[in-house]
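Have a look at the structure below, then the notes.
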Amino acid sequence: MSDNSFGKLFRVTTWGESHGPAIGCVVDGCPPRLELSEADIQPWLDRRKPGQSRFTTQRKEADQVRILSGVFEGKTTGTPISLMIENTDQRSKDYGEIAQQYRPGHADIAYDLKYGIRDYRGGGRSSARETAMRVAAGAVARVMLKTLLGADVKIRAALTSVGGQMIDPVRWDWDEVERNPLWCPDPQSVEPWEALIDSVRKDGSSIGATVEVVAEGLPAGLGAPVYGKLDGDIASALMGINGVKGVEIGDGFAVAALRGEQNADPIKPGPQFESNHAGGILGGIATGQPIVARFAIKPTSSILIPVPSINSVGDAVDVRTKGRHDPCIGIRAVPVAEAMIACVLADHLLRHYAQCGW
Amino acid sequence: MSDNSFGKLFRVTTWGESHGPAIGCVVDGCPPRLELSEADIQPWLDRRKPGQSRFTTQRKEADQVRILSGVFEGKTTGTPISLMIENTDQRSKDYGEIAQQYRPGHADIAYDLKYGIRDYRGGGRSSARETAMRVAAGAVARVMLKTLLGADVKIRAALTSVGGQMIDPVRWDWDEVERNPLWCPDPQSVEPWEALIDSVRKDGSSIGATVEVVAEGLPAGLGAPVYGKLDGDIASALMGINGVKGVEIGDGFAVAALRGEQNADPIKPGPQFESNHAGGILGGIATGQPIVARFAIKPTSSILIPVPSINSVGDAVDVRTKGRHDPCIGIRAVPVAEAMIACVLADHLLRHYAQCGW
Amino acid sequence: MSDNSFGKLFRVTTWGESHGPAIGCVVDGCPPRLELSEADIQPWLDRRKPGQSRFTTQRKEADQVRILSGVFEGKTTGTPISLMIENTDQRSKDYGEIAQQYRPGHADIAYDLKYGIRDYRGGGRSSARETAMRVAAGAVARVMLKTLLGADVKIRAALTSVGGQMIDPVRWDWDEVERNPLWCPDPQSVEPWEALIDSVRKDGSSIGATVEVVAEGLPAGLGAPVYGKLDGDIASALMGINGVKGVEIGDGFAVAALRGEQNADPIKPGPQFESNHAGGILGGIATGQPIVARFAIKPTSSILIPVPSINSVGDAVDVRTKGRHDPCIGIRAVPVAEAMIACVLADHLLRHYAQCGW
Amino acid sequence: MSDNSFGKLFRVTTWGESHGPAIGCVVDGCPPRLELSEADIQPWLDRRKPGQSRFTTQRKEADQVRILSGVFEGKTTGTPISLMIENTDQRSKDYGEIAQQYRPGHADIAYDLKYGIRDYRGGGRSSARETAMRVAAGAVARVMLKTLLGADVKIRAALTSVGGQMIDPVRWDWDEVERNPLWCPDPQSVEPWEALIDSVRKDGSSIGATVEVVAEGLPAGLGAPVYGKLDGDIASALMGINGVKGVEIGDGFAVAALRGEQNADPIKPGPQFESNHAGGILGGIATGQPIVARFAIKPTSSILIPVPSINSVGDAVDVRTKGRHDPCIGIRAVPVAEAMIACVLADHLLRHYAQCGW
């Protein structure tokens, strides 16, 4: 079943709960002889780490990763790579009430309906804390992609809207993304977004967002018909990020309003494409164009504004979720999305080698 | 790798090309002792069958399904169910030019880039003809779900927009869906859509659309954290339908503009939910509410309007795609989407039994 | 679950019952651009075909294979290869009594205990008829191995004992294997075995046997620790052949009586090995030596000599199994074993390319 | 590929090298609400622990297991269970020479041929140290089986021969197995075996052995045709234990010398079986009889007696393997085999629930 694994050949299994002693992952299938150390992983974890600005949760986690296996004298050996991060700042008292009541929009009630038990501390397994391990695995995937494909591989994401306020794509600047705490690519959107997020946080509320991921420098041919499609796997990977409710490839929902000639990406000798409505994927297979995906992420469900709910014995209660929460979980989803796409591409690269590498 | 299989426990493997002798699928993992015959499958195939109205391709296929294994004296035996449909109306001559040139928006070039070979006849494996087998498998999934869960299980889809013209959800009528050739749930949208589709077809063009799928009567608990999520599998299943470029669960992209209190689904004793922004899924697990998904499908890439492209030796050509094509592939995606969701739910039901059924 | 599939990257799914309309398989993951036609598969099926000598069942099956997908203009396309054989000589009347009683040693009772239903005609899914599709898939694997690795790849099997009468390995002659109907490699064993089998057949009985498979010309490195071991997969593949009760790699059970220095295979520069007690596999990974496996197969359970059993309502009965049966199923297991090993090796070759091919 | 995972629904992934900081495993798919703590696992690890008698390696490992996730307030939650053991007694200096030369019979050369790199410290990933995690996972499987099926489930193994000296099965006594350091079920074999092992150890040699595993109290119906066979999975699990070269089910290789009526297990009303030549499995499916498997394990390859080999630059050397080694690895394979069978049965129980539990 492998409910806690993803990828077929570059296979990542994560484990751990928000307030358990540690979280971790096992990366199986990674090629041997790649140079890999904690220093290749830690910077990506630091990008995602909580408590770095007033726009994310104030939980302080060192998020210090350790490589426990699979690397010898600085190189991968082809055996499973075990990565672990100890949890250090679990203030479980913040979550006392969660034990007794279901937070609307959270997985609390769903876990109880399914399993008849749940680790309520900080959301347990359903907490976004688990995404730290996706980022760690994504860092390994990046090392693999760079080593096998060269330095031109770029997998980057940015926040493209907050609360319905879109960036202007004309002003897109990847350098700007690294300069502001919101991973915003449009210099003129940073201030209004900061003001909006400050405002919803003061209200004890939260706000939705959209994120765009772009992968460049990948070879054509990744992906496969008809259920091993690259876009199918990207959709699954992004929809699996906590709070995501919609995923698009290329022009996404906009194509529903188009006529055939408007949506066509003319091909020129090369082959080159004159446009990229398709987001780099045709029939589930990469064409060599940039792979473009986008997703919508809901406002954090943990808010101070009371919402009607029930407690664990079924009586009506009003739930206000205290504790330290991200007012806009879309922000920290940016490095997670990059990591998930890196893993999907690493997986499809190995799958491509397997069938078509002869 | 299993690029041509989907589902983990209710596992469907399809095979076949558009213009090969036949197409087929193998359904493995189906529970024993279900009453099943061709009569349970054929009606669903007939709904998808080409050539039923002027709004779909005029290719005439009987799409007569045969059960070749796994059923004995009218009941499933627990062994793999092999289903096959012979292809009867392959006018390969229509496709002579495809052999030499890449149709923009089609998988032609992607297959060649990946495999160095392609069966160009009618699009080969990338043709939507393959989706007939998804519908067949979906019919088996429906029998399983009804037998195990009862008659209240309903998995239905409808077209919700054509070329940007949305239905009015207030007028949604599931009976209407069965009465018009466009699977439109809004009686007042049928005529304008027919006019629009007639118009694009006369122009030799095509048009995009959106589809909504609703699954009701399923138990809470289907799905699993964190990579076995029900919404992740739905996203993958729908994104894998030919031409789909975007997928939403519940409110989908609309959540990106909401604040936490707007997006919350308050819970009442029962448990019941006062709204369904979440589309019936929290933390990847079904809550028992209707499961709601939506997707966008691009305009058919096969159009008579010339689009610049290249031929197989790399020279520039203008491609006009003759042959018999759906002007709006969104229409025939409706029964396919229902079938895919039926298969995903059948799979997750067995997965739920496995882990939580004791 | 995929109970009817084997292999991970070279993935074979079989379907069909002994007396259904047809049997078939789907080979997914096969590399593109291999030259493949029915003529590459049919000879291997003919080797396994029933009714070729008085030592195998007299059921007459043409076993004519058809390629239904995945091959275009004589070459594989990378899409799933569907193979089908129609059943033509099902004398179901022979099996009338099986419906009501459980044949000892057969899977009849096990199927009913598991599924609560069984297709009793000719053993249904548990019949060795299914192994025809393994042979067909094995033929595709052979084409793949030869194309990718060259003509030196040899995967051959032979019967090494019947009823406890062992060959003398000193007289092993691969050419002899093709000259006698028992796949016996020792010219001096053929006559005594024929006499023995004739004798048990006249008694209405049957007899056990052992088979050895040798694979040569494969590169070192196939296989993987610690659960993807080549010997683990070989063991599973051979144990899964109908009637097999024991599997050995290299010296097999004989190693249990040895001391370390007796069992060691000294290594010489090259690397070369001075002996092959290990059967070509160390730590689950191929060393480049010949891969040697052996298995024991029980006497056919279908015998005319009455054995106490029960009928389907639980009453005691004596069962005599009429119909047309192999007196020594070990004989026809020879081509099946070769095919299984070919499939396992094809799978591991692709797995090796995936992880170590960069 | 999942080369480091086994099981489909009760899925175990192990990681770690002999001389890395730790070894561990992740058990995914375990049902929720089982009572589980370290105290359920530790006793099984203690049985396998090195250094407990003069007949096993003198490496001292506390083998203290920690549960890092998946258990809350003493119960499983349905999320992945992460188990970890820190390595404490790695005397890497013992292994200095391994870095430069290939120990015959070990995986050293195979790893280098495959990966082009190996962690030579103590055998790295190929060390039997990894089997500690199989025992830990097996303990979880035992808890699951007892909770779901009741206390009658028994999975036990014993050493049945050393160096060709067989026990007398007539004297089989399960209580005796727990009383002697060799897991020998025959009181009269203990002393001669001890003398034999002492003798080979003094000679700087090692000795082979056979082990039998018996599982009782399991329901009929576990397993599946035709590639999901219970015996196929048992064969793979046992062959995957370090040093195993042969596997048998029921009468195993002895069936090759039998006639049909000798091998038949007559059935009596109940159903009951008058004998168990089949080892409890027919057609890949459990009949409810005891499941009986047997395997042969080679003499430890690490011996003080010199064996010709090559070093890492390809020159001839004589290898004498110092360090602390088991003179008979068959001994410590006993608890490992029990654990593997427990895992296989746990997996097949969930698989059975999935398909046939409705």
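First chain written, first letter: the chains are A, B, C and D, and each begins at residue 1.
Basically, a residue touches a chain if its C-beta (ideal position, glycine included) is under 8 Å from a C-beta of that chain, and two chains touch if they have at least 3 such contacts.
Bear in mind the structure is a predicted one, so any value in this text is a computation, not a measurement.
The angle of the rotation superposing chain A on chain B, based on CA atoms and rounded to the nearest 5, is 180 degrees. Judged by contacting C-beta pairs, the busier of the interfaces A-C and A-D is A-D. Mostly identical positions are employed by chain C and chain D in their mutual contact, as over half of the interface residue numbers are shared between these two copies. For this pair, chain C with chain D, the centres built from the Cα atoms lie 26 Å apart.
Centroids of chain A and chain C (each the mean of its C-alpha atoms) stand 46 Å apart. Taking each chain's centre as the average of its CA atoms, chain A and chain D sit 39 Å apart. Residue positions 1-5, 8-9, 14, 29, 32, 78-79, 111, 114-116, 125, 224-225, 351, 354-356 of chain B each touch two or more of the other chains. Chain D meets chain B in the complex at residues 9, 29-32, 78-79, 147-148, 224-225, 350-351, 353-358. Against chain B, in their complex, chain A makes its touches with residues 1-6, 8-9, 14, 102, 104-107, 109-111, 113-116, 125-126, 130, 161, 163-164, 200, 203, 205-210, 220-221, 223-229, 231-240, 242, 245-271, 274, 277-279, 281-288, 296-303, 305, 307-310, 314-316, 330, 351-352, 354-356. Residues of chain A touching chain D in their complex: 1-5, 8-9, 11, 13-17, 20-24, 26, 28-29, 32-33, 66, 68-70, 72, 75-82, 111, 114-119, 121, 124-125.
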